[in-house]
Each structure stands twice: as structure tokens, then as C-alpha cells.
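My questions all concern the structure below.
Per-chain residue numbering starts at 1, and chain names A, B, C and D are given in the order in which the chains are listed.
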Amino acid sequence: MRFFSDNAAPVCPQVLAALGEVNILDTAYDGDRWSQQLDGRFSELFGTEVRAFWVATGTAANSLALAALCPPHGGVVCHKEAHIHVDECGAPEFYTHGAKLMAVGGPGAKLTPDAISGVIDGIRDDVHQVQPHAISITQATEYGLVYSPAEVAVIGALARARGLGLHMDGARFANAVAHLGCAPADVTWKAGVDVLSFGFVKNGGMSAEALIFFKPELAGATHYRRKRAGLLSSKGRYAAAQILAMLESDLWLANARAANAGAQLLARAAGERLVYPVEANELFLRVTAEEAAGLRALGFDFYDWGVGEARLVVSWDQAEEAIRPLAEAIAGL
Amino acid sequence: MRFFSDNAAPVCPQVLAALGEVNILDTAYDGDRWSQQLDGRFSELFGTEVRAFWVATGTAANSLALAALCPPHGGVVCHKEAHIHVDECGAPEFYTHGAKLMAVGGPGAKLTPDAISGVIDGIRDDVHQVQPHAISITQATEYGLVYSPAEVAVIGALARARGLGLHMDGARFANAVAHLGCAPADVTWKAGVDVLSFGFVKNGGMSAEALIFFKPELAGATHYRRKRAGLLSSKGRYAAAQILAMLESDLWLANARAANAGAQLLARAAGERLVYPVEANELFLRVTAEEAAGLRALGFDFYDWGVGEARLVVSWDQAEEAIRPLAEAIAGL
Amino acid sequence: MRFFSDNAAPVCPQVLAALGEVNILDTAYDGDRWSQQLDGRFSELFGTEVRAFWVATGTAANSLALAALCPPHGGVVCHKEAHIHVDECGAPEFYTHGAKLMAVGGPGAKLTPDAISGVIDGIRDDVHQVQPHAISITQATEYGLVYSPAEVAVIGALARARGLGLHMDGARFANAVAHLGCAPADVTWKAGVDVLSFGFVKNGGMSAEALIFFKPELAGATHYRRKRAGLLSSKGRYAAAQILAMLESDLWLANARAANAGAQLLARAAGERLVYPVEANELFLRVTAEEAAGLRALGFDFYDWGVGEARLVVSWDQAEEAIRPLAEAIAGL
Amino acid sequence: MRFFSDNAAPVCPQVLAALGEVNILDTAYDGDRWSQQLDGRFSELFGTEVRAFWVATGTAANSLALAALCPPHGGVVCHKEAHIHVDECGAPEFYTHGAKLMAVGGPGAKLTPDAISGVIDGIRDDVHQVQPHAISITQATEYGLVYSPAEVAVIGALARARGLGLHMDGARFANAVAHLGCAPADVTWKAGVDVLSFGFVKNGGMSAEALIFFKPELAGATHYRRKRAGLLSSKGRYAAAQILAMLESDLWLANARAANAGAQLLARAAGERLVYPVEANELFLRVTAEEAAGLRALGFDFYDWGVGEARLVVSWDQAEEAIRPLAEAIAGL
């Protein structure tokens, strides 16, 4: 039983089926009838006019987003444990041609207006220092915490006041929205988000994430950047189809709710061992090396997280009965 | 009936089926059991030790190849109609951080040693001029011509003599090998090719091309560059599976032979109208605007190619009976 | 007696003297009183509001100009013998983060509207092809030809019509203006030039060129790019002083006139041997290898230019009496 | 009386005089007889074979050094207050094409092996995380502290053990060596430094710093990078002459000793107010806003440094009698 990563989970049957449904001749690149639906479908979902791009990975989505918000000589404020800073091998620097990530601390990998202001206020407004151009937050965070609409809104207001763009890395956006129970709009453009990396792969997709621009005028050069990065698949309809299948009947929400529910099952068993409240599909537990070994001896796999902690991730496809044995094992530690 | 592009064709059933077969939990990125087979399978196919990477597009494969062969301050000799120069929106420049493509002329988009030497000899060996570091050839060329092993070998010898790397853009490598009837090795590493972009998508694949390094020591940094470019899919097994399915029972060759045969059918009908000999799955015909309109009125779709020419591409899935009507229409012009 | 290059000439006494005059404490970088005069002095000279930057080299000026006019995914139309294309080791590609130089032919390294349109019209307006964003012309050209105000104006009109920026590489702008006898404005902003690299080093300066933005709104990011490129000297007043000395009493024009006059002296002697009309301070002569050797045996140094041609450059400091012996030697060939 | 920055100081008379001495015709770029002496002169000074380049600024020297040590996908460990990280507008990122600066804390902007290991040990050796390729230290540090040969040597040993390059930003290398009284070799290559930015401009130079490669094989591509960055001045002899003048009779050491002595004069007056020991030519004092205002009212200029601190920098040209009034004012606070 593996609780390593939602990246390792299989693809949802509806997504696989969708690949077969588009397996007919159509226009190459993103000129096909399915790719052409994305703007419209996401505009409906968000209740505002957006521009939507399929891209193969979350790293690509994040990097294209930042390239749209920040010039090569600018900076992007993010958490020091943000995926864009520590898990993307410098992709944001590659796509932005060398912009600087300005890393900020804070518990749970969550940014606060104070922390952001702290770094910005320390930057002299002169030509010797890289000037901030954007803020990037992760929803849910790398520790599974969820920003409420109000929390995003204060960061959005700060961004606007400072003239900065706001990017949301939504690799687990679905889990966050499922937790919040709000409209997707509430926690994005209504709260000041300019660009969203809307993740599907961790949530049952195969190889398509969506990059959403809430300000259509920001999206223009992304058409060129996507091609220039070798990300414009010639058979784009197989990417579009995945996303459309995830949007159909809110499959993205259903999958995220399932994963979140599984995480709650474990959370209740973990009790005081939890390092952070469990709001999405990730748990961080305090366990000794012996306890961790004990769980592994029972056939449960997961990552150690530094010393004395373990990270467990529940995927969209893990049924309650598959999770319960781990819950019991944790409770019995 | 469309003869626009092999990019528009559907995906081969074996490839789609393979996606279902790997739809089980496995390690993320390229740690899964299928991705791990690629080095071995391609080493067998080529009869030498290679390093193989899946990447989503041919543009990405080409650009990663060039980044491995050429520093930012260097140059890559290519044909002035090479895909890397005129159809990739500057992707080679992006991945190489600004290397210069040194474009050379010549009929049929084919490079010759003389043409290559011509451009290289004109470059002073000083710090003011970009120095060449690599040569890139396209097999089959953008006009459907195929380099013989001997033709590649003389370019390979030139490259070695000048200390340059040699890249082969094999978006239609399968069609070329099918035409030549040679071993894949004969027209690649045995002829001096260092890196090959081995195309599968135009030949029945969905979203996976292979990047093959014949000198394993050249491949190291590509692991980082692929991640840094946002090309390292988290569910890489679905990419590996496509390629493995294409290699199985030489499906790649069978598909290419089918497309080539269809092109020959049209070539025989076209006779004197052919601008170039037909060696792969592309034809370039001399047609007047009226003739082109006539063909279109009969339901055949294709691209105009400049003035007075048309480009027709036959795909792996087009059966003889689907092509014959066009052959007859061309013959009847 | 050397006629290699105006780059090899000494520095003009007024420029050296100016270094001593500013050799007192002042603000670092470009906050000093001399640097602060540049905008005003050049605005006067050009009769319009400009932004002016000192930079150390012409290559840096050109590259910063192009970075201001062209995004990484764009292209710059230039002559195939333009300095930016063949003599700057890829600096434009470095500063623009990989923009593509779109090289055009034409006699005397001079661009014409037809040649420019030819390359632009061949570019499909889609995401696969690098789109042009700017044109760069060299005044005087690499072969010493001078664009008249009318010639620049038609290119300027074309640029405007196509939505492209227009850069002038004025490494020998002084020689061109001296030849034309026009106001500097006539051949720059009034003719549609957006950014000018105004060369001083070849004309008696030491280490300071001026980069002039005729549209102040284009200049903003250049402040950051100049710093980011390591070009913002901490003791900038010594750069500003050089330029101010060259502007004082139109020394720049006097020096250029002197060099041009010397070139005319040689041109008259060369007669039919001239490959191009002599309009600035460079001559290209048809000479056999024996004739070239003969001139060298008399102590005259110059570059061979391909086969059967020689390039002679007259510098600001070469007095008539120093040039006359060469004129006589040429006449006597 | 200004104690703002050694950047604002005038140029030393010997340097200015040297400009006049080379004001004769010679080969362009770095082919002249003075530029050609640099390798030899620095090899003598350091007692080992080096490659030496003139460049216009310390930012350029640092960035070229890092580009030689770190690929675009790599990282450079430096102090979080290092000039390369906070005062160069992202120049290292520009020249390295997006490498990541890995910032480490520690008092006095001084790196320790423990702090360096701390950051390196936290990096997983996988393709998702930027891998460290180099360490950069500043000598003297941004707070005027000097690394002893032994302190550099332990960092050098760490670098070697980890396979990292070691760069020394020696903007105030002269002040550090003057303080240490050691041979320049002792604190550089003998202690493991691979590349040194040897500063002259703050120490009496005008516009030339030296970039020194202690491993000649590391220097090759820098010839191209310097040109490509627009840093290869066409009249390079005026840069070389400045450096040669500074080396002549150890002028660089004499100037640094003078500045250090002035700083000691102030340090003795400051006593308990010193935030750090004074080892080079910079002082950081604890002063209230009122005290700072009082000093300024007496005509002394300096920067506030955060809240409650002031930074004073003594330049090479400030005589004891010019400094003594400030020392007395400080003592009298």
C-alpha cells in the first residue's frame, strides 16, 4: 500500500476513455475542436473570461505563468519551500531567463502578507537590486494547508497595491477547492490571482495540466513561449481531452474529495502526531524511526520527511477500505 | 480525405492499448519499470550502448539535443529550411541560451559537405565570430528526401574532422529507415551521428518522442535540462509505454512502410509533376492554382507550398483504397 | 602607417583631458553631475527629448537596444553582413535571450525596404515561426555606405507599418552625419529610428559609447539591463566625461570630417579600384595579392577582404600628410 | 567630507598618467602589448600560471567567474548578503543563464564550512533540485571582515571534497591582503580558490578590474563570454594600462594600506560602537539617529545601515588629516 505521492497513482478511467474518443483525425497542435473548447469551458467554470492552455507538466505551467508575470531582471516572492523554488530544478529561472526567486519563510509553507512585505520592504528601489514583479503561492501548500478566499484576498490586495502579479501554483487546486467548498472563482481571480496552474495529473489525469490566465491580455506571449519551450504537442487533442474529461460532471472535484476524505481518515487516527492540520490530501506525522519502520513492515510505503516526520499522500483512487488498515496501524502505534 | 500532415493522424491502436496496460501504480517521473527499459531497448535496436529519453515533442527533443552539443556562444550549422530553424519558434535558441543557427542552402533541404564547409570556412577563428559547434541534419528532410548511410557518413566525417557534434532530427526517421532498408545503426552512429531525435508521434504515437544519445557521456546534463524545461512528466510511464509499443514487433517500421507505400502510389500518379523524388511519405507537386482547387473540390486537403506547388503527406493509417482516389485525381489533372 | 581599423587609433586629447577634469569625488554609478547631463545634451543635439546611456562598447549598446525592441521569442531583421550578426559573438542573442537575427542580403551591406519585406513576407503569422519585432540598420554600413535621410525614412515607414522597432547601429554615425551634412535628427528619429547606438570610440573616444532612446518610454528597463550586464561602471563620470568632451564644440563632427576627408584622398587615388563609393572613412579596393604585398612592403597596413580586395580605414587622427604617401602608392599601382 | 563609498573616490594619478602613456596606436581589443602582459604579470604576482582578463566592472568579473564555474542548471552557494546576491541586479543569473544563488546566513557576511555544508546537505541528489556547483566568498566581506588563509583553506577543502568550484569576489581584495600581510597566493589558489575577481576600481582605478583564473583550463570560454557580453573594449589597452599601473611598485597594496589605516583611525575612536572588528576599509557603527544627524551636521557623509547603524568607508585618497576630524567627532559622541 503506497502513500508516497499522488504522482504515482494511475490515471482515472474517464481520462483514458477520453483518449479513445478523440482518436480521429483533427487539426494539429491546438487547432482541434477539443483544444478550442478550453477557453470556453474554463471561462464557465470560473465565471469570467479566461485564456486556458494545456501543458504537459505542472513545472511547465508554473514556469510559463511566471514568465508572463516577471521580466528576466525581476523577482518573484515565494515560500522558501515552494515547489517552484526547491523542486523544479530551476525551471522558473529557465523560463524567465534568470529572474530571482525571493524566498520567504513561514509555517506550513504558507505565505502571509507580513512575510511578503518583509522581503519587499527590504529591497531598495534602485537598479542594483532585483525588484519584485510577482508573488507565487501554492494552493494547497507543500504541507497540505489551504488558503481561504480571505487569505488569498489579502495577498491579492497586497500584490495589487505593490504593482505585483499574483500566481497560484494549483498542483492540488482541486483538493483545496474540495476542502473549501467555495466556487473556484472565490479563491482565484476574485481574490486577486492573475494566473493559475490548475493541476490535473495528481488528481487522476495523465499528462495535461491547465494554465489559466484570468487577465486575457497577459496570455498573448504564452502562445509563443509554449511553442518555443517544445511544449506545443502536435496532437494536442489528447491533452485537451484529458482536461475536458476531468471537467465533465466535476470529476476533478469528485476525485479530490475522495483523496481528501482518505486523508481525513488517516488524520483522525493520527491525532496528536499531526504536524499540520490536514486540509487536503497530504499528512505530515511525527513518528520515530522505529515507528516508521513498523509501519513499513506492515506494507505501508511513504516518505520520511526530515528527521522524525513522515509524509503520507492519499490519491484519488485509494478507497476507504484500502486506507483503513493504515489508519488502524497509525492509531495503534 | 486529408493529406495535410502526419501530425493530424490518429494514434495507432497498439499505442492507445499500451496506455491502459501501464495504468497501474508505479514510481513517478522516469523511475518506473517501463521508462527504465528504454536505454536497453534502444541499445538493442541500435546495436550499441545508448541513453534514451522520452520527451513530449520533436521540438523538445531537437532542442535538448542541440543544448547537449552546443554552448550558448556557439553555432549550429543547419539547412535554411530546417525545422529547427523555421518551425520551432526559436526553441533551439531558448534551450541553448542563444546559440546561433547557421543556415545553409541546397536543394531539397539536404545538407552537403560542401555547403557545410562553405559556411564554416567563412568563419574566422576569433572571438568576434560565433564558432560552429554542431551540425544538424533532418532525416528524412523537410522535402521528404532521405540521406543514405554514405551521405550521412561523409557529413559525420566532416563533423569529426572539424570537432563538431552531429545531430539528426529524425521526426520521420522511421520513414527514412523504411526507405533505406538499412539497419538503424547504419544511418546513425555508424555514420557519425551523436544524437538522434527519433520521432514517433507523426508515425502513430501520441505524445512521446525518443531522444537518443549514442555517446552516453553526452547525456548527463540532459536529465537536468529535461526537468528544468518542464518536460519531465510525473507519470512518465505513459510516455515510455507509447515508445515501447512502437518498438514492439517493429511497429514503427510497419507504420512507416505503410505511409511510404501510400506516398509511392501518389508519386507514380504524379510523374513529372514531382518537385523532388519521393523517398519518404511526403510529396511536393507542381500544380496550378486551378488544379489545386480542382483537387480540393474533390474533397482532398493539403497545403499549398509557395506558389505553384502543393505538399501532400501520407500518414501511417491511410489505406491504399483511401489514397487511390487521390492518385487517380492527380493522374487525371 | 596603419589603415587597419579606427579601433586601433589613439584617444583624442580633449577626451583624455576630460578624464582629468572629472577626477574629483562625485556620486557613484550614473548619479554624478556629468552623467546627469547626458539626457539634456543629447536632447539638444537631436532636438527632441531622448534618454541617453553611456555604455562601454558598441556591442553592448547594440545589444541593449535590441533587447529593448525585441522579446526573446522575436526576430530582428538585419543585413547578413551586419556587425550585430557576424562580429559580436552572439551578443544580441545573449542580451535578447535568444531572439533570432533574420539576415538579408543586398549590396554594400545596405538594407532596402524590398529586401526587408522579402524576409518578412516569407514568415507565416503563426506560433511556429519566429515573428519579426525590429529592424536594425548600420549607419554608415559595414562597407562604408551612408543611408540618406530619405533612405532611412522609407525603412522607418516600413517598420511603423509593420509594427516593428527600428535600431540604428551608429558605430560610425559621426562619419555618416559628416558625409550627409544633415542634422542628426534628420537621419534618426525624424526618419523613424527608435534607438541609436551612437559611436564615439572609433572617432576619438576611449571607452564610452552612447545609447540613445528617441522614445523615452522604451528606455526604462535598460537601466536594469545595463546593471544586470555588468555594464554600470561605478565611476561612471569618466564615461560621461568622454562623451561630453566629444559633444563639446562638435568635436565628434570635426573628427569624423577629418577621417572622411582622408578617405576621400585615398578614394580619388583609387578610382576604378573602388568596390563601393566612399562615403565615410572606409575604402574597399580591388587589388591583386601582388599589389597588396607591394603596398605592405611600403609600410602600409590594412586588412585583406576576401580574395582580391583590401579594406582601408582612415582614423580621426591621420593627417593629410600621413595619408598622401598611401594615396600616391595606390595611384601608382 | 564623504565616507559613503570607495566607489566615489577619484582615480589615482598613476592610473590617469598611464592612460596617456598608452595613447598611441596599437592593436585593437586585447591584442595590444599591454593587455598581452596581464597573464605574465599576474602569474608573477601569484606565483603560479594564471589567465587574466580585464573587465570593466566587478559585477562583470563576478558574473563571468560564476559562468565559468556553474552551468545554467546549477547553483552557487553564497552569503545572503553577498554583493552577487543583493547588489548586482541578477547579473550572475544573467551570465549563468539562470543558475540559482543558494544564500546562507552568518555574521559579518562571512561564510563558514558549517553554513555551507548546511545548505548543501539539505539538497537531495536528484534531478528535481538544483545541484550546487560552486561557492562564492567575498574578500573582504560586505561588512569589512577578512578571511584568513586558513579560513579560506577550509572552505577550499570543502569545495574540493564536494566537487565545487570556488570563486572569490575580491572587490576589496587589496584591502584584505594589506590587512593579512600575506602573499596574494596564500589566500587564493593555495587555499583552493579557482577564480578571483581582483578589484582595482574601489582602490584607485578607473574602469578596469581583473578576472584571474588560477586554473587556466577554466578560462577558455571566458574569451567568448566576455565578447558576447559586450565587455571586450575595442581599445583595451586603456584598461590594461590601468591595471599595470596599479601593479607597478605594488601601488595596489599601498593604496589599500592607506585606506585601511584611515579606517583604523576611525575604529580606535569608535571603540564599543563597532558592530564588527575593522579589518579592511569599512566600519559599521552603532549610532542613534540623533548622533548620525550630529555627525552629518559637522559635514561628514555616510550611509545609514538599517536602523541604528552607520556605514563608513575610507578611500585610498583620504589623508589622515582629513579623517582625524571625523575620528574626533565620533569619539566625542
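We take it that a contact is a pair of C-beta atoms (placed from the backbone, for glycine too) under 8 Å apart; a residue touches a chain by one contact, two chains touch by 3 or more.
Because the structure is a prediction, the values reported are computed rather than measured.
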Graph separation of chain B and chain D (steps between touching chains): 1
Comparison of A-C and A-D by number of C-beta pairs in contact, larger one: A-D
Centroid comparison with chain D (C-alpha atoms), farthest chain: B
Centre-of-Cα separation between chain B and chain A, whole angstrom: 34
Centre distance in Å when chain A and chain C are each reduced to the mean of their C-alpha atoms: 50
Inter-chain centre distance, chain A versus chain D - centres from mean C-alpha coordinates, in Å: 42
Multi-partner residues of chain A (at least 2 other chains): 29, 72-73, 88-90, 94, 97, 127-128, 224, 227-228, 232
Chain contact graph, described as a line, ring, star, complete graph or other shape: complete
Chain A - residues contacting chain B, complex: 2, 4-5, 7-11, 16, 19-20, 23-29, 55-64, 88-91, 94-95, 201-202, 206-207, 224, 227-235, 238-239
Residues on chain A engaged by chain C in the complex (per definition of touch): 29, 71-73, 97, 127-128, 131, 221, 223-228, 232
Residue ranges of chain C touching chain B (in the complex, touch as defined): 72-73, 75, 86-90, 93-94, 96-101, 127-130
